[in-house]
Amino acid sequence: MVLVAILALPLFGGAAIAAGRGRRSSAWVAVATNGATLVLGILTAVRVVKDGPISGAWGVLRADALSVFMVIVIGAISLLASWLGIRTMARERELEHGSPVRPSHYGMLVQAFVGFMLLAVLAANVGVLWVAVEATTIVTVFLVGHRRTRGSLEAAWKYIVICSVGIALAFLGTVFVYLAALHAGGHSAHALDWTSLMAHAHRFNPSLMRLAFALIVLGYGTKVGLAPMHSWLPDAHSQAPAPVSALMSGVLLTVAFYAILRFKAVTDLALGPGFARTLLVIVALLSLALAASLLITQRDYKRMLAYHSIEHMGLIALGAAAGIRLAIAAVLLHILGHGLAKSVLFLTSGEIMAAEGTSQIDGVQALLTRRPALGGVFGVGLVALLGLPPFSLFTSELVMVRAEFEVGLGWAAVLAMVAMVVIFIAVVGHARHMLLGPPPPSHVASPPHLAAPPRWVATPLIGGLAACGFIGVFAWPLSGLLEAAARVVAS
Amino acid sequence: MNSSWSYVSIAAVSLLQVMLVLLGGPLLLGLMRKVRCRMEGRVGPPIRQPLLDLRKLAGRERTRPEHTSWVFPLAPVVLVATTLVVAAIAPLLATNPAFGWSADLFAVVFLFLLGSVSLALGALDTGTAFGGMGASRAMTIGALAEPALLVAILALSVPAHSSNLPAIITRSLAHPAWLATPQRVLALVAFVIVIIAESGRLPVDNPSTHLELTMIHEAMVLEYAGPDLALVKLAESMRLVVLLTLLADLFIPWGIATAPGPSHLAVALVATVGKVALLGVALAAFEVTVAKLRLFRVPELLAGAFVLAILAVLSALVVP
Amino acid sequence: MNGSSYSSALTLAAGAVLVCAVAILWLASIRSVIKMVATQGIALGLVAVVLGVHLRDAGLLAAAAVVIAVKGVAIPLLLGRASGGDSGSRESRPLVNVPASLVASAALIVLAFVTGRSVARFVGTTAGALVPIGLATLLIGFFVLVARRRPTFQIVGLLMVDNGIALTAFLCTAGFPFLIELGVSFDVLLGVVVLMVLSQRLRIEFGDIDLDELRELHD
Amino acid sequence: MTPALLVATALAGLAASLAGAVTPDRLRIRVSTSLTIGACGCALIAGINILHSGHPAVVHTTALMPLSGFSLALDRFGALFVVISAVVGICALVFRLGYIGHGLGSRTASCILPLFVTTLLLVPAASNVTTFLFLWELMAITSLLLVLTDHAHRGEVQVAAQWYAVMTQLGAAALILGLVLLATRTGSQSFAVIALRSAHLPTWVRSTAFVLALVGFGSKAGAVPLHVWLPRAHPEAPGPVSALMSAAMVNLGVYGIVRVGMGLLGGGPTWWWLLVMFLGALSAMFGSLHSATSRDLKRLLAYSTTDNVGLMLLGVGASGLFASTGHRALAVVALVAALLHVVFHAVFKGSLFLSASSVQQATGSTDLDGLGGLLQRMPVSGPIFLVGGLAIAALPPFCGFVSEWLLLQSMLHGLPSSDVAIAVAMPIGVGVLALTGGLTAFTFAKAIGIGLLGLPRTDGAERATEVRRPMWVGAGLLALLCLVFGVAPFLVIPAVVDAAGVVTRFHSAGALTHGWQIGLPGVPGMLAPGLLALGLLVCTGLVALARGLVRRSPVRLTEAWGCGRELQTARMEYTATSFGEPLTRVFEDVLNPSRDIDASHIAESRYYTEAAVIHTSLEDAFERHLYRPADRGFQRWGALARRVPNGSVHRYLAFGLVALIIVLVVLA
């Protein structure tokens, strides 16, 4: 029953926005609902860790440790995104001279987007998972194209075409898994449930499962932004409004990766870890190499953040390839850390875009001196993203490297480390151009109230970074949940 | 050190050494100048002329350029003091002077370095072009001479298993065969080159010239007058005597007193004075025949000395 | 339906789907391509009907009805209306010209049959033997996406990919539980609607756009 | 008790950092600095306790550092470095109380400085791989942010910070790979267990781990190929930060090499240590050569840090070489010499950097060609810089001489040896030591002579006045330590001998006879630095007395001789460039200075020049031949890669189709 409540909350927020016709008060209601989702997620997590998975809504929904962890991730980042969404909606209203149509559309679509992601994560069976992920794609197309500029239209088109093809391939993979499940004696109605899949996995036909998992990785990999079907990601994330790209980059990619993790658990039972490991390593190293090469001469800071997401998804895939329980726990910690840091960075880049008017790196200069608050948060966010202590990305990357060495993937870890150093050099160069240095002579000091964002905008950003730092240093809150979730995947 | 040395005799040796160096220095310079003049067909001033100059200068009035700090007057004092300390503890006359066990060859080199650095600082303090030029050239040559000097010392210390001077001398006295090994000869040549460079003799630097382009040591002491100048000249001569005595003891050690007692000391005194005078004359004769090297040919000379020193050490490896 | 007529009907319907796929590659004008994709949708529905009758599975028949309604009728109508403006225009210079496309489709069909054989042997039923046809349709659809410049053609390509996969699903596992089948086809419908809205906006913004020129967003 | 002190250090550091961020402007500097000094105090007491008692202090908790746990274990070897960092930290922080300017007053700077000092104190105590890497990278990022405090005013701070960030990340990546390789191969994270099990690892694992650790720690210590950030970052960092970086952070690089090379891996084959000696020799010569010919005071000091790190690596290399060929006692002596040089370098480099910052604050610039005459204008900071300069030039009464002497002795007693490696390495080592000793004497004669003495060359130097009291108290404390350790090294040597014994796991008690004279057992002759200092003092007194007795009249001030010219101006003085010019010419092919002259001619005839400007610059050879080409290649690769995704949706879909075909072909 609580699972249905979790799903209902975002939709209720959307309805509130529609009723309030996009006014600020209704937007705060939506933020409150997302906050409630987060709290409910944490309570459910405590319950699930204590007395095991719970199911709801006539067996369609099921929450074990892994999916509850993802609920927490979705809740946290949707809270941040919708909180800053108010700022976008306010700016939207100025542009549209007060007509509430577009802001309310935007608010509803975001809440629907969060709702479908929660459905995807809580789905008990594979078919519902696929439908939910496809639904998120359709909902986000309008969000990507929201700004009605030529660039956002082009980005939306590429996004929908490439992702639909990817998702179709994932459906083909699901069909083959269903076929294998039926032949292994699973009852047709429940054959697609995760529980029955995991139960009968050892009797699945190996060659069919190999083909199925490859298609799943290729299909859902498109949504995760892994190479080779990643090209939509930089365009979509750089053209979408900041809260949407924060949500997409922060959590949609990892929800799709959640699907791959689930299928990896099934495949490991059917074929043993070898096959999934090689496939994920190839895809991960390809994405890392790609992200590293394309970040060197990047000119647009939003695209820079997007390519950074591809790099982190590559790292997560490499961590999952290691497959042992320690690696999966680190992967999950990395998912949460990356989600927080990346969403804060995208939201800040939205503010910078609004303040500076351009998303070109050369267009923004001496940000730290002209807009200390924005520049500071952007700089600290980049520090977190580059995997420097005290933020959680450093700890999780280190543990992943340890796990990879233990499993014999040392050589892959070395290549990943080389890619990370290349990316570090590139991003430090770009950040230097944007943040440091004396303000250009032509600069006229903007009035203080415009320079620093209002306090209610700064608090979620600083709160997000603080949370990312907190989970990086203190093991207490997440350790139990991480262990349980890791046991689900790498039993 | 055998314990037969009583404290009195040890102190006596040190005092005697200090007196030898204080008086011997100017006399040696006088002797060398006399030899040069004789070879150039001139009569030249008497041998004790430098002593008379020092007495004259001591009587003169002390002057100091306007805006120099306390470093300028202190520099000559430190220069003389360092040479005195070396004279006191180094085994010039006997193998067991006061605190002889701490007379380490490396320590001697670093004491001389302290002296030349303080003189360079004194020169720079005057704030004139000459002071700067002299200091720069002296320090460059000092820096380039350092490797040859230390590696030559290494070549000498290796057979004695210690860099302590008395130990080296007693071991070489005990094994005279060592003195003829190629290792010793190469070390000797390196040592001679470095001594010429350190004490500012021809062909590295012409002590008697006042021509801006060529003077090194002379440029640094241009501003000193009266007692300060006396101290500088004294230090210059003392440094030459100490170096030549060390050269003599390390390479032709016979005659050095190894036991207490006035008779040994007398023999040692005569032998040392003879050896040092001989070396002085040889150096003066060499100076007459050679012209001053251009400043930027000196590093090649010192590099040659360094290679010789390295060969000396490596040959110790081949010939045990 | 007894054995032989069932298998021949099934092969006929599946074959029709593949023929329509190849025809789409061959044709150039948008109006004829839309008609062809409509027939493909109907053929797919017929396959589901034949299977449903053979297995006497009510869920499957309902699914077949939904498929025919959505893919056979609704989507082509929408496509016709959406591309009403430039219905006369043709895919004048496709990225890969028609003869090369046909050769490529042949190669893709051979590839599909080679790779589909192991799956077919695993399924074992007569329907299973036709799985390679589904894979072939999928690959040809993907090829249309890659090789055609007009937005409408890309929508058609996407539809062909979906039809290919639906066909494989019907042949392998006699379709999915009805609830999921409904969800899937509803999603496909929504996808096509969104694509059409976008292509209209593209036409408003860029005029008669050739997708390969759409390169404003790059690094 | 000492574990509690370690925790107290960490908590005090965090409290100071919090105070720096929260307290209002007026109180901020005083409160945060005093709290940090408290943290340094706790660490100092803990360090001395452990050095004295020898029982390591262990702190372990799994509440911190998710999935790996946080653990500290301070043994004697680590305690030595904690004590050095604490002493330098206290002096730098006392200096900071008086230090205004350079952006250190801002809220972020006073929040990050305590964090940086705390990491300096805790890195030697870290005892498992994750904690060590966490503290190591935290130290790197905090020092980077501190270097950036003044980025708004000067452009070159940005460039320096970028070099620093990139080089540190390269080092950190190598370090992570090396340590994780060791941890996974021995199956445990804790250093103690790794040390036990590392002996049975295959040789390729040990060698790879050692080389990676050498790269990682070498880049932090500023060893040559990876030193490029040091002469850029240190001059740009604010005064106390550059002192902390040069005097405390650089030591941790050497700490790391010894801890991994000798502690964890327990020594290794000869080629390891020949590589370390080669790096040391290269760093020593390259660093001393560039510091001899550099014009900016802080850049000169930064290059001399590379030079001194080279000497430390020579000592460590010699020690490893002796250990690998079986001479365990000699290995301990060489290691003691190296560690003693670490201690003394921290002391005199700290005082030099602090007094250089005082000079910068008093005159507004550190360009030697613009200074002069500061000894009279800054009566306290001047002598402090003088003492520091003489100490680093290894001149007798000060501490530099003792460690240089001990290094020479440890190399001397390696010969005569039948082992070819030692027989060749030791003479060359002594040659390098001698050349760098000579060049350092030259450098600091230049720095002191041009900087402090003579006439002031710019009005900035002219108007210089003594800096505020806390500044010269901080610097003076370190200068005093230079003299005290120079005269009485027995205060430090026992602790260093025990520390060396702990890390080489060899009973080192008798390795060095130490009381007030230092010598090797069974070897005739020793060094008595105290006696030498006394002798110098007595002789100087006697000579000065003699000069006073001979002529009692007051000293007459005269005009310096100017070949008959009346006016004596500062323009006629030698400058740092001209002082270093003979050396630049001698080492022309190594330094290859670029010298371009552009003259503008008067309109009428080309033979008469109107004005001529000469630009001389001395670029770092490694930068020009190694790093610039790498950067060009990096950019070219980026431009090449950009052409692949050209924006066309068809190309993106084609990627997908190819991938699908590959999957079908390979798997079906």
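Labels A, B, C and D are assigned to the chains in the order they are written; within every chain, residues are numbered from 1.
Just so we're on the same page, a residue touches a chain if its C-beta (ideal position, glycine included) is under 8 Å from a C-beta of that chain, and two chains touch if they have at least 3 such contacts.
Owing to the predicted nature of the structure, the values given are computational and were not obtained by experimental measurement.
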item: Farthest chain relative to subunit C (centres taken as mean CA coordinates); value: B
item: Distance from the mean Cα position of subunit C to that of subunit B, given in whole angstrom; value: 101
item: Gap in Å, rounded to a whole number, between the CA centres of subunit C and subunit A; value: 31
item: Distance from the mean Cα position of subunit D to that of subunit C, given in whole angstrom; value: 69
item: Chain centre separation in whole Å, for subunit B relative to subunit A (CA means); value: 78
item: Numbers and ranges of subunit C residues touching at least 2 other chains; value: 118-119, 142, 145, 154, 211, 214, 216-217, 219
item: Sites on subunit D at which at least two other chains make contact; value: 642, 645, 649, 653, 656, 660, 664, 668
item: Touching two or more other chains - residues of subunit B; value: none
item: Chain contact graph, described as a line, ring, star, complete graph or other shape; value: other
item: Contacting chain pairs - touch in the sense defined above; value: A-C, A-D, B-D, C-D
item: Subunit D to subunit A touching residues, read off their complex; value: 62-69, 108, 129-130, 133-135, 137-138, 140-141, 148, 151-155, 157-158, 161-162, 165-166, 169-170, 173, 176-177, 180-181, 183-185, 634-635, 637-642, 645, 649, 651-653, 655-656, 658-660, 663-664, 666-668
item: Complex interface listing, subunit D residues touching subunit C; value: 642, 645-650, 653-654, 656-657, 660-661, 664-665, 668
item: Subunit A-touching residues of subunit C, taken from the complex the two chains share; value: 118-119, 122-123, 138, 142, 145, 151, 154, 158, 161-162, 165, 168-169, 172-173, 176-177, 179-180, 183-184, 187, 190-191, 194-195, 198-199, 201-202, 205-206, 211, 214, 216-217, 219
item: Complex contacts: residues of subunit C adjacent to subunit D; value: 95, 111-112, 114-116, 118-119, 135, 139, 142-143, 145-147, 149, 154, 211-212, 214-219
item: Residues on subunit D engaged by subunit B in the complex (per definition of touch); value: 292, 372-373, 375-376, 382, 390, 393-396, 401, 404-405, 408-409, 411-413, 415-416, 423-424, 427-428, 430-431, 433-435, 437-439, 441-442, 445-446, 448-450, 452-455, 517, 523-528, 531-532, 535-536, 539-540, 542-544, 547, 550-551, 553, 555-562, 568, 570, 572-574, 578-583, 585-586
